[in-house]
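In the part that follows, the structures are each spelled out as structure tokens.
Both complexes shown next keep chain A, but they swap its partner, so chain B is in the first and chain C is in the second.
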Partner chain A sequence: MLESRQEFIATKGKQKKQIKCDADSIAGCVSQRACVYSGARVVLNPVTDAVHLVHGPIGCASYTWDIRGSLSSGSELYRNSFCTDLKEQDVIFGGGKKLASAIDELAAKYHPPVVFVYSTCIVGVIGDDLEAICRAAAIRHGIEVLPVQSSGFIGNKAAGYRAACDTLLRLIEPAQPVWAKKPGSINYLGDFNLAGEAWIIEQYLREIGIDINVVITGDSTYEKLKTAPEASLNIMQCAGSMNYLASKMEEIYGIPYIRISFLGMEDTAASLRQIAAGLGDETAAKKAEQLISREIANTQPLIDRYREKFAGKKAAIYVGGGFKAISLIKQFREIGIEVVMVGTQNGRQEEYDTINDLVDDGTIILDDANPAELERFMLDKGAHLLVGGVKERPLAYKLGIAFIDHNHDRKHPLSGYAGAVNFAQEVNSTLCSPVWDTIRKGGHSEWLKK
Partner chain B sequence: MAEKMKFCRDVNENPCNMCMPMGGIIALKGIAGSMVILHGSQGCSTYMRRHIAEHFNEPIDVGSSSLNEKGTIYGGEKNLEQALDNVRKVYQPQMIGILTTCLAETIGEDVDRFAGEYQRKNGLEDFPLVTAPTPGYGLSHDEGYWFTARRILTCLTKPADGHNKVNIIVPNISPADIREIKRILELTGIEYTLFPDISDALDRPFERPYTKVTGKGTLVDEIKAMSGAVATLQMGVTVEDAFSPGQYLQDTFGVPLYNVPLPIGLTNMDRFMTALQEITGKSVPDSLLQERGRLLDGMIDSHKYNFQGRGIIFGDPELVYALTTACLENGVHPVVAATGSRSERLAKLLNLSLPDGSEPLQILTETDFDRIRQWSEEGGANVAIGHSGGRYLEEQAGIPLIRIGFPILDRVGGQRILSVGYGGTMQFLDRVTNTLLEHKHKSYRKKMYEQFYCAAN
Partner chain C sequence: MLDCTSKEMKPRTSGGLINPAKTCQPIGAMYAALGIHRCLPHSHGSQGCCSFHRMHLTRHFRDPVMATTSSFTEGSSVFGGGANLKTAIKNIFQVYDPDVIAVHTTCLSETIGDDIPNIVQTAEVPEGKLVIHTNTPSYQGSHITGFSNMTKSMVKYLAEATTPVKKDQVNLIPGFVNPGDMREIKRLVKAMGIESILFPDTSGVVDTPMTGEFTMYPAGGTTIAQLKDTGNSKLTIALGRFASSDAAELLDTKCKVPAIALKTPIGIKATDAFLMALRGSFAQEVPAEIEEERGQLVDIMTDTHFHFHGKRVAIFGDPDIVTGMTEFALSLGMVPVHVLTGTPGGAIGSAVGSFEEDIAGMLAEANITANVKAGGDLFTLHQWIKNQPVDLLIGTTYGKYIARAEDIPFVRAGFPVLDRSVHTYMPLVGYRGAMRLIEMISAALLDRADRDAADEDFELVM
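Let's turn to the complex of A and B:
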């Protein structure tokens, strides 16, 4: 292990060690982190009727085409990857003209209400004036054209979340100041409707008599986002990406926010109660109790059966944000699995504090880990299972460790009670697959000796 | 052009290609014990690793110099030095390739100088360190692959005594394809250096303990001696001379270059075998002749079904050329042949391959999937052949996709797709024929009912 990485890693124990986080990745460490642009793109991409235009070289658009498994109830425009495809000439002479023309062409072809223009590394260096070009295009077409300041080198993925939130703040700003709030109306921040997750929560809330004004950004549209300032409460799931937006909306529009999580049964129940309480809605609180007891009655027996099956198994977690890691620790606890390693790419100090409080002594906590560290700690700790993204999957499999996909592209929801069951089922399908027995019994190394 | 088609001039709508360093990584992964560092911002290496990992289902480690704002303004030499130090410590590679990205090239980093100084400072003059300028805004991943392969030779190959090996230079094809080519070479009794050889590093057997860097691939010592080979047989008819590794060996060391198409399709495979015969004087072994005979037999069995095929072929130029000509010889009419790369040679070669009086073939270079879709609908295509980007054609235009090439992101087994050689061609052809049959079976009852029953009643 590299000396320079020591301060990013801690073992939970009696002496609490503050780990270093939210710092630049160390060169050559094979960080699993993505870039500013990717952070911005994943937050904004679920806006379904927007044109998402990458101002930059083709790779940036290619690697993020239809990147999220966000579902739409309407437009599918967001699933296209548009790019100005900058070439050497543009880098030398500037890409401004090309960008203006690209916006013109897209506006004429698709008539979108809004165009998001993402800045990439080279645009930040060659200095195309995105603001001016977007402003002029907006006037030409009578639509909103919003720049996203997401040049890759200005920070890490978290800087991209912030860039996306800045753009969202511009988008939701009403022409006239809004004073009237829709009573009992809430915005749901930080759900990207992966595999329909936001729809599950919408259904729960409707059942207890609460309407979601707009989800930011899962299955959202330009029109719906415009109504965001009218809500009387913001609930926030993915804090890593949305904390900044929520606090800004409180500051500007006086909308208070509460943190919730619909991942796992425990969090789902707590969140429903919190929302009802946050709105001071007693009827909703009563209905929430009914919903919770009905769903627990349906779900708990199934979860209990899995608990028995999973007894004694150990899990490792390596995901993008701290919120996700915290939820996963709780979810594993619900199904009786001990967590022996937790890491994130972009977790924040307060999230690491929560993680430290949640896990048992001896658990490894690490920030911005690399494959060599993941390998070492998973093997040292005897993990049977890893949760992570696409890049981590083959590593786990090569080590003979089961794997849970917790990536943007998943095809089954992990939210609410349906999600809790899906999660347990996915754990079952990988942890209890006969393939591991076959591999153990197969004793490939003995065959190699024959 | 039909009036209903609408193309944007200054927008790429759904890319059909990736960027230069992506191809560079794949080429470097084919060298034994290699590690790659991308000089640029962190995201580039992560995205490319993600794509490659998903295609091959293998762990893909690529370092990054992780340039931040400071490095961008004041230069990234320190970052690159640290990256080299750390990668050497953790991976102990036998060879390192440094690829640049948009960012490094835009701020004008002199990577060659850095690399040279690093070697001197650390007493690593003999350590194989390869640099390749691969700005993402330059050309596509295809040129990135070929150019990096050429750079590997430029940096490592030295004048060598003559030996009896043949250099076999391959495009970015699947590990299964590479293994098939090796099998054919071994059956024929030919000694060879296959370059770059990803067949083991990117399709590893399950083994314990896991090692971060495999010792598998083309050996650096073999690369050093490619200058002394009898000849180079390169599957690169679409490759420009400036990017061509085979051309470099011929120009610099006088190794005769035989440039042949990728051996998919009977004619293309025959050309490969003929070139081998010319170089080595060895005859085609009986078992391969049997395979050839079986392919002929299969081509006859399927010819009527194939004649109903109207194909869209897209992807890397070399693959598009081989697949399009393979379709032509089997009566599958190519409606669109497309690549996101510039490749002027592809267009020229394909025009020459079209038989007299055949229906027009729309050749698209530097194109995107929006154009491909519109031309495919215009030409009444009923089968698409190419990488995962084509799922868009499947979804939007209902054209079934046969997955081949790179990347395959939405199915497992991209690394196992076999299409070269007589046997591989048969497998490819069966996939085409069976897709056409399946498509027909799904729709013909309804079609007949609507066309005849509804008309009569």
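Let's turn to the complex of A and C:
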């Protein structure tokens, strides 16, 4: 292992050190991290009726074409892939004209209310004036055309979240400085409606008498996003991507925010209570208690059955953000699985502190890990299961370790009580599959020795 | 999802793409580099590029894909990426210990103008280790161009003519195909009793068996010794001109190894041409087992021809695959109505030739007029299909949107296929591959016939 990587790895209990994080990756590592564009794209992509136009060569557009499983209740426009497909002459003479003409073509074809124009690495270098081109196009077509400053090299994925939030802030800015507040109305930040997760939460809140004004950005539309300043409270699930937006909205529109999490039964109950309290709504608080006891009564027996089954099993976590890792640690605890390794690509210092408080002694905590490190610690710690993203899946499988995707590729909603059961089911379907017997004792490895 | 695609085809002048049928050069270079034994591909650019390419390849192959990145920052894009690359090379050899690093560039490092050979010259490369590179500006060509460029660089850096007389062996360049195809090509040549060097060779790299262990450098891949020895072979066969011709041409100029460019051996004609070229050059007879396979294929084609005759088909994907697929569809009696690739079409007179000319030539021979386009996108293909409907669509996973919107039977072939497994192990090339294609096409067409049949028309025997 590289010496310069040591600072990014800690073992709980062994040493009193703060893990290093939020730093640039070391050149030459097999980093699992993505780029600014990727961060911006995943945040904005769920805006369903927007044209998402990637200004650059084709790659950035093709790799992000419909890969995030954000569901829509209306427009499917966002699932198409639009790109200026810059060529050599554009790089030499500038891509501005081509961009303007691409916006014209798409505006005429689809009549979208808003066009997001994503800047890629090359645009940052050749210096196309995205602001001016977008402004002119907006006037030409009478729609909003918003640049996203997401050139890949200006930082990591977290910088992309921020670029996306800056664009959202411009989008939600009201034309008139005075706007009416809707009492008791909340925005739900940082849920991207993967597999329909935001819909589950919307239903819970509706049941306790609270309306979600807009989800940012899961299943959102231009019109719905425009109403964001009217809410009286922001609740925030994915803090990694939305912290900046939430604090800006507090500063500009005086909307306070609370951090919530709907991953796992424990967090779901706490979050419902927090929201009711945050609004000072006693009726909602009462209804929340009813909902919580009903759902726990329905869910707990199912979870308990899985707990028995999972006794003695160990899990490793390697996900994008720290907040998700924290929720997963709690969720594993609910189903009786011990977490022996926790890593994130872009976790922040305070999140690593929380992780450190949550886990048992001996747990490995690491930032921006590479596959060799993941392999070593999973094997050292005897993990039976890894939670991760696309690139980690085959690695886990090759080691004979079960896997669940907690990222773009998830197929079932993992939010709320329904999600808690789905989570246990997903863990069960991989952890308890008979395929591992074919690999382990008496299986393939024995067979190979014959 | 594609409700917003209109039937009316308005002129498109912006040059932008809607729903692309290609991706960028670097991923092709990365895939080619994985076909060198104990090689670590290195992406010289922002870390997002490397991450996207690994993710995309992982989704297609369902195997770990290892590659490193220079992790550009704002500083590197102002002052150049030289320092990052040098640090990267040092770290990579220290930590991951590959035999060779294959560097490819990105649109960013190309635009900044990093001079890779110069940087590599001043980097710390341990004794006996190698660094090769290729330029893959994403704003030219496609992933196929990137594959071709990296393959060409293998020749440029490694091929050597060291023997006074050429060896009785053939170089085979398979093009951007699955490891299952590469295994099939090797099997055919071996059955012919001919020594061969296949490069790049990703079999045994991205289709590795389960052992309960993760291996950074699996057993497969063309070795450095083999790559050097390509200069001593008496013939190179480039399979698929877009992905393979450039490397073959360079072997000719650099090491005087004559080259033949053939179609990717998809279907009976192209496989015949491949085996005949081998037979002619090596005076070897086609063995009985291969003759038997061919006979079986012809038998199957006879047994099933009535399912295919006159069926209208749309084919899209990478140019070499689409060319082979179109030829095979014609030999089954199908009518290719729309043929499209996202890769720019090459130029008449260049080694790769012209996609549109090649396809138009084949169609003209069969008296068929069709829509043919290089550098196209799936929006165009969809509009074509709306205007002239087809009975079958053949292409990559991205075709599933069109297949669903227009309710067309769909056969997945090419790169990428992200929503099905096993396909990377099974060949489309050779006679066996042709049998498999017939099975896939039949299944798609007949499942549809079963689904749509009225009760009284629903048949047991088809």
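Operating definition for what follows: the second predicted complex is superposed on the first by the 436 of 450 C-alpha atoms of A that agree within 3 Å, B and C clash if a C-alpha of one lies under 4 Å from a C-alpha of the other, contacts with A are read in each partner's own complex, and residues count from 1 in each chain.
The definition used in the following text is that a residue touches a chain if its C-beta (ideal position, glycine included) is under 8 Å from a C-beta of that chain, and two chains touch if they have at least 3 such contacts.
Predicted, not measured: the structure shown is a model, and the values here were computed from it.
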Superposition on chain A - do chain B and chain C clash or fit: clash
Touching partner for A:243 - first (chain B), second (chain C), both, neither: neither
A:121 touches, of chain B and chain C: first, second, both or neither? both
Which superposed partner A:77 touches (first chain B, second chain C, both, neither): second
Which superposed partner A:91 touches (first chain B, second chain C, both, neither): both
Chain B versus chain C as contact partner of A:48, first or second or both or neither: neither
Which superposed partner A:372 touches (first chain B, second chain C, both, neither): both
Doubly contacted residues of chain A, that is, touched by chain B and again by chain C: 2, 24-38, 53, 56-65, 80-88, 90-91, 98, 101-102, 105-106, 109, 120-122, 124-126, 152-156, 371-372, 375, 390-391, 393-395, 397-400, 439, 444-445
Chain A-touching residues of chain C, taken from the complex the two chains share: 1-4, 6, 10, 12-20, 22-24, 26-27, 42, 45-56, 58-59, 62-74, 76-77, 84-85, 87-92, 94-96, 106-108, 111-112, 137-140, 142, 208, 210-216, 379, 398
Residues on chain A engaged by chain B in the complex (per definition of touch): 2, 4, 24-38, 53, 56-65, 80-88, 90-91, 98-99, 101-102, 105-106, 109, 120-122, 124-126, 152-156, 370-372, 375, 389-391, 393-395, 397-400, 439, 444-445
Residues of chain B that touch chain A when the two form their complex: 6, 8-15, 17-19, 21-22, 37, 40-51, 53-54, 56-69, 71-72, 79-80, 82-87, 89-91, 101-103, 106-107, 135-138, 140, 204-208, 210, 212, 340, 370, 389
Sites on chain A touched by chain C in the complex: 1-2, 24-38, 53, 56-65, 76-77, 79-88, 90-91, 98, 101-102, 104-106, 108-110, 120-122, 124-126, 152-156, 371-372, 375, 390-391, 393-395, 397-400, 439-440, 444-445, 448
